[in-house]
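Next come two complexes, and both contain subunit A; in the first it sits with subunit B, in the second with subunit C.
For the complex of A and B:
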């Protein structure tokens, strides 16, 4: 969603989000250009709702959508993500160690 | 190609997708506009051969179905022009270039619809050929285009059923009706075989290099033959190409399509090109006041 292709004078670009089934997330479907909100609703219905393909639509003026895409992770804080916990190597070692001590134990008792 | 463009090509070839306000090479943007605009033009011009039959459709049900299909296709062109507009070419300019003959539309929409059989063949086989190209666009590197293709493919899937139903009904009718379908198939086979374009190697096709398309022309044509020739044959229809056969390796062999005809037709010299563009020109002028009134009221 962006600035290029500005709407003609007197009309506004709206982004349309649609929900396919109740309970699902709304997903971006496309955009429409309309002179006002009432026309925008009518166009959105025509383009994305008239075949029963959507359970809900969100019609939002493009200008009202704030897009954020710069997510800096300067401290590499991977401790709050799954990829911060690569356990495979440690688990292997731990299993090895456990097996060794069990062997040692049975050798001692035998 | 500079390093940044090189990196971009690598990105899209690895399956990366691009949004409207991401940086993109000028050549990519230009190719996108050209490709998507032609698609929009084709949806808009593609309704004219069918529109001619709304008043002559054999039953009320068919009349309603055909009207709804025409409405769907015009809706597709509106969505598609919107995408072109965001890439920098205004819709008004697209329509002006279409009407003046500067931009192109698909070959199959330059031909007349002589009988109700043609309407069935268009809705079944022309839509089938188109949906093969369109399904491949679901993976287009330009994400806003790929997203609207989802809705478009969904609607095309029942347009094909409508076409197949028209054909099956005729095939279950009289000998005369069956002949009507065979004659229509004979008329449309040439343009259908030309539809996916010349068999240029996909690595040399700029639309594939940029991953605007995700398959080569010949790949699409083979997929069409594989999917639909058996369906044509099982109805007792004959494909008007004596060379057509499926080889042991699964590849279809066929007579060389008439590429000169394809070029001639898409450059604006098809049998119905002038008449259909004239209709667009006229309706555009007649509805000018509606657009003006709507924008004036909002301003």
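For the complex of A and C:
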């Protein structure tokens, strides 16, 4: 090998996902720099696959990973979400409204 | 074999912190650590036979009493080409030696050889990967020719043709075990400095 820079040229970044226990979802564990897939696999084994640390590894070139970060929620339809429907708040408002109508009725009959 | 693994483990660990890639640093250090683990297991087997301890066998002999082959004594840092050439030759020779031990009539030896072999699978993959990548490089070819006689010295004479066949090189005069390079004495000084700093028999 020549100068330290030689190793970097032609290096690819791989992302490693590991599975803690069978049946669980894989989680991102870290990145690896390697000249090709065979090296990436070897390095992934070394860093995440020793001593029964993981039950499975996925080694993926970073360019194969599509990142999505921008999610549209213009109208803030929070009632679509489980935590977007504040029951207490709406119940409180309904009681207020009911109390007002009750007052109006009693005022009207007096 | 234990001496080979111990000294080579030491030499390989000289790359910790200065390997060509960070990932390679981790991988090569881990291979060095495995070699020392194998050395320990082998020393313990021998220690039981000889009525001593693994530590005493590993550290309390004089350099001239070690039986390692000269291939492992050579200090190759910072030359990665020569390191990979040695790695490839050594792992190829070691595989042949381990295959022979797996067939041993002695159950303990056969059992240990099988266990060691499982870890060696990764060493061989690693060596072949690097050799595949750098094998046509002029520096590696020069190193291969230079280290080949030393590599033959790892094996007994009857197994040398097998190694020659596997790596595709013709048999030459081997550098036999028995002699040691001056580099071994230097390595031994460093390796045993802590051990020798306390009286024999001290508990750690």
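Just so we're on the same page, the second predicted complex is superposed on the first by the 81 of 110 C-alpha atoms of A that agree within 3 Å, B and C clash if a C-alpha of one lies under 4 Å from a C-alpha of the other, contacts with A are read in each partner's own complex, and residues count from 1 in each chain.
We take it that contacts are C-beta pairs under 8 Å (C-beta built on N, C-alpha and C of every residue); 3 or more make two chains touch, one makes a residue touch a chain.
Only a predicted model underlies this, so the values are computations on that prediction, with no experimental measurement involved.
S.K.: Just checking: does A:10 make contact with subunit B only, subunit C only, both, or neither of them? Give me first, second, both or neither.
M.R.: first
S.K.: Look at A:47 in the shared chain and tell me whether it touches subunit B only, subunit C only, both, or neither; answer first, second, both or neither.
M.R.: Touch partners of A:47: subunit B and subunit C.
S.K.: When the two structures are overlaid on chain A, which partner does A:19 contact: first (subunit B), second (subunit C), both, or neither?
M.R.: After superposition on chain A, A:19 lies in contact with neither partner.
S.K.: So, A:55: does it touch subunit B (first), subunit C (second), both, or neither?
M.R.: neither
S.K.: Between subunit B and subunit C, which makes contact with more of the residues in subunit A?
M.R.: B
S.K.: In the superposed arrangement, which partner chain does A:39 touch: subunit B (first), subunit C (second), both, or neither?
M.R.: The answer is both, since A:39 touches subunit B and subunit C.
S.K.: Going by the contact rule set out at the top, does A:30 touch subunit B (first), subunit C (second), both, or neither?
M.R.: Touch partner of A:30: subunit B, not subunit C.
S.K.: Which parts of subunit A are in contact with subunit B and also with subunit C?
M.R.: 1, 4, 11, 32-33, 35, 39, 46-47
S.K.: Could you please specify the touching residues of subunit A with respect to subunit C in the complex?
M.R.: Residue positions touching the partner: 1, 4, 6-7, 11, 32-35, 38-39, 42-43, 45-47, 50.
S.K.: Looking at the complex, which residues from subunit A come into contact with subunit B?
M.R.: Answer in residue numbers: 1-5, 8-11, 28-33, 35-36, 39, 46-48, 51, 53, 67.
S.K.: Which part of subunit C faces subunit A closely enough to touch in the complex?
M.R.: 20-24, 26-27, 30, 80-81, 122, 125-126, 129, 133-134
S.K.: Considering only the defined contacts, which subunit B positions touch subunit A in the complex?
M.R.: Its residues touching subunit A are 19-21, 75, 78-79, 82-83, 85-92, 144, 147-148, 150-151, 154-155, 294-299.
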